[in-house]
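Written out below as structure tokens is the structure these notes cover.
Labels run A, B and C following the written order; every chain starts at residue 1.
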Amino acid sequence: MGKNIFFKQKGPYLLSEIFDSFQLKKKIKIFDIKPLNEASKFDITFLDSIDYLDYAKTTKASCCITTEKLKIHLPNSCFPITVKNVLFELCNVARKFYPDADIDIPDFSLRKPAKSKYPKVRFGNNVLVGKNCKIGKNTLIGSNTIIEHDVVIGENCMIGSQIVLKNSIIGNEVVIQDGCKIGLKGFGFIPLKDKNLRFPHIGKVILKDNSELGANCTIDRGSIGDTIIGKNSFLDNQVHMAHNVKIGNNCMIAGQVGFAGSSTIGDNVSIGGQAGISGHLKIGNNVKIGGGSGVVKNIPDKTVVMGYPAVPLKEFLKNTKKK
Amino acid sequence: MGKNIFFKQKGPYLLSEIFDSFQLKKKIKIFDIKPLNEASKFDITFLDSIDYLDYAKTTKASCCITTEKLKIHLPNSCFPITVKNVLFELCNVARKFYPDADIDIPDFSLRKPAKSKYPKVRFGNNVLVGKNCKIGKNTLIGSNTIIEHDVVIGENCMIGSQIVLKNSIIGNEVVIQDGCKIGLKGFGFIPLKDKNLRFPHIGKVILKDNSELGANCTIDRGSIGDTIIGKNSFLDNQVHMAHNVKIGNNCMIAGQVGFAGSSTIGDNVSIGGQAGISGHLKIGNNVKIGGGSGVVKNIPDKTVVMGYPAVPLKEFLKNTKKK
Amino acid sequence: MGKNIFFKQKGPYLLSEIFDSFQLKKKIKIFDIKPLNEASKFDITFLDSIDYLDYAKTTKASCCITTEKLKIHLPNSCFPITVKNVLFELCNVARKFYPDADIDIPDFSLRKPAKSKYPKVRFGNNVLVGKNCKIGKNTLIGSNTIIEHDVVIGENCMIGSQIVLKNSIIGNEVVIQDGCKIGLKGFGFIPLKDKNLRFPHIGKVILKDNSELGANCTIDRGSIGDTIIGKNSFLDNQVHMAHNVKIGNNCMIAGQVGFAGSSTIGDNVSIGGQAGISGHLKIGNNVKIGGGSGVVKNIPDKTVVMGYPAVPLKEFLKNTKKK
């Protein structure tokens, strides 16, 4: 039930304050908004796809925005709020709790870092650091880099030049190369004519120990939930990770790979250059994805795939031959 | 007949001054160089492809660089200058009118913006602004961002950090995320051995109200004519738009999409991640283009396409099954 | 036998100091580590693929890390050091000679450039230049650009804004557009559980006269050997070049193209947008590669290819029709 450290949070609200039409006997008090598997009894959650039934069955949330059709998958302890458009209602609830998380307002608390505050950190020229940042000892920060408020960086990291880092928790011995933009809001909105409704991005980016990012990567923070790169996973230049993507440990992601939102990648996965991974997929452990592939389906453990759409390698080679 | 606000313009010239070999009875005075559909009687224009016959028939230009074959499509009011290589001759004429538009010389008029000049704008640290810029009230500009001379930005915009913005007109409530490079010259040149001849880029970038760009996008300005993003169209991270591309209203363009030069995209178009759109195409309204597709042909309204090369979705699914 | 100008170099070492297990009669003294075709008798080299037999046969290196199988291709003058994992052993040797080249430590010698030192160079605001840089006359450098120690830039260059330039030798009349990151270490490491072993990148980037890079490109330096762009070759925006890639003269590389490591591209090659070139390939002269192609094989001179995987254009068109 920890407070969100990056975004100003409102509430708690009674469920009846959020959804006027729900006149409940029991008063449900809601403190925050969380994904199915991270929610506690103080949180509201959401279910909008059969892909997440396993999480639905065991959620601890006290209530869940969902559809008439999906609500049967929720446990008795979770009160279903049935709506037509789950994401639209979720967006409105998220905006009620987090009114400032839909647009990345630049951090105007940025200052030249005081030596006294970071005695064991080495900064290049013109580095700007926001309020309440923590930076571990022996970490190096290159010139013109911006570290916005409340960011946490571990020890022995090498953060390059001309980077923007916000809404992020960085482990130890992490390497980030020049020009990366990390922790920005993702591409999430309800498309409405004349004026789209932006989805608040209240999650963060977590880079675990020994991970590495190449130059000019863009790693968006999570919308509800986090974007995560596991231990000892290395990304090459110009990789794009959308909101909520989770990459496991010991992965190798080559240049210009793109991840659409909310996919989960296992451990020991290698992905060739320019491959694309569609949204909401589950890629197993020890998977190899060939360069330029377009992955549109879940991939089980220990599979080698290639092609557009990506298929098991044998099949790809057979198809290529047949032509 | 308004002057180009971004580039130093020479002329007017008599047509005979531009093309020595044309000894005309009538003296034609030329003030500027414009695309077929934007030219007035004071302008020279060009026609090098049958794709633009509709525009050719109704052009108001007083003269047009074209080929022997295409000249019959011009109205009588438009004097044809027939040449072998339209783009080569056009390039030379453009260089005569605009000697400084072929290379992006950095703006050495950049200064820290004076509070007195922009009282209602909030600037981060180390922002640099050139001469004659206009920035609307309540607009926020992130740290280390560069706004070159004569750029116009509307009200209530959120311009992030580490951005370069030049030769651009930005509407109201526009969001530009960190690291974008906007208004730079495009990839246009006459290939010549040992030393290519760069094409002047005398157009601009226009971002209309409520549009949004993700992080690290590159939006080149127009060569002759403008690059335009319509109202309420949202682009995700790392999108590349080449010179003269025009995107309509209410479009959704996912991450790492690339547009080659001079294509026109309708309204309400959605394009999946990593798709590529070839040059000089016309994509209709309400079109959906699947992620990773390679579009090489015009697409009519309300069509869903996918694949490389992109074909209607049904056909794509049939082909994929057949394998 | 020139010293590496960008990286602190240790040695010379006796071969027996590097490989304890080799008890040689003759003492071999090694000064540096070089690719097969660039090595002199003072250097150690490596051979790990039959793709490089031509270079192996004529190498002048005094010793070579290789496999039991490949060692027969080396000349008598070159002592073979047979190992199981060539790259792992090579990595360790490279780390012994160059202990600081595996991570890009930011250059803390950066300073505002003194007018007296660069009297004929024009700098924008907040430019930072490291020790021992050379910048030719009439070169322009845009604002917020970082030029790290020992970089050499020729005359009449246009270096844009928000660029990072390190470990590079830039010719005359080179154009680099805003946001490029050049000379960073590449994506090279020995994958090890929990902590990958980074490969030192001791090479540089060489941009020859009249070459041009579009916005937000990433050009990694060589690991052993250099990354090179030839004369009058132009790259569009967001191109990614991995370590050791060599592009010839008069090439045209469109937006978002990606090159995996160590491929060699001939002269007069044109590559369409978003194409990908796999690693260790040889692309001939006068080759044309269609947009979006995935090149996985060598391509002979004067060939036009397209597709994923890329095949000669005729074949691609036939396959597309057949569907």
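As a working rule, a residue touches a chain if its C-beta (ideal position, glycine included) is under 8 Å from a C-beta of that chain, and two chains touch if they have at least 3 such contacts.
Fair warning: this is a prediction, and the values are worked out from it, not measured in the lab.
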Classification of the subunit B:subunit C interface as same or different, half of numbers criterion: different
Angular offset of subunit A relative to subunit B [C-alpha, multiple of 5 degrees]: 120
Mean-CA-position distance for subunit C and subunit B (Å): 33
Junction residues of subunit A, two or more chains touched: 126, 144, 162, 179, 216, 238, 256, 274, 308
Of subunit C, residues touching subunit A in the complex: 103-108, 110-111, 126, 128, 144, 146, 162, 164, 179, 181, 184-185, 187, 189, 191, 193-196, 216, 218, 220, 238, 240, 242, 256, 258, 260, 274, 276, 278, 294, 296, 308-309, 315, 319, 322
Residue numbers on subunit A that touch subunit C, as the complex places them: 122, 124-126, 140-144, 158, 160-162, 175, 177-179, 210, 212, 214-216, 231-232, 234, 236-238, 250, 252, 254-256, 273-274, 291-292, 307-308, 320, 323
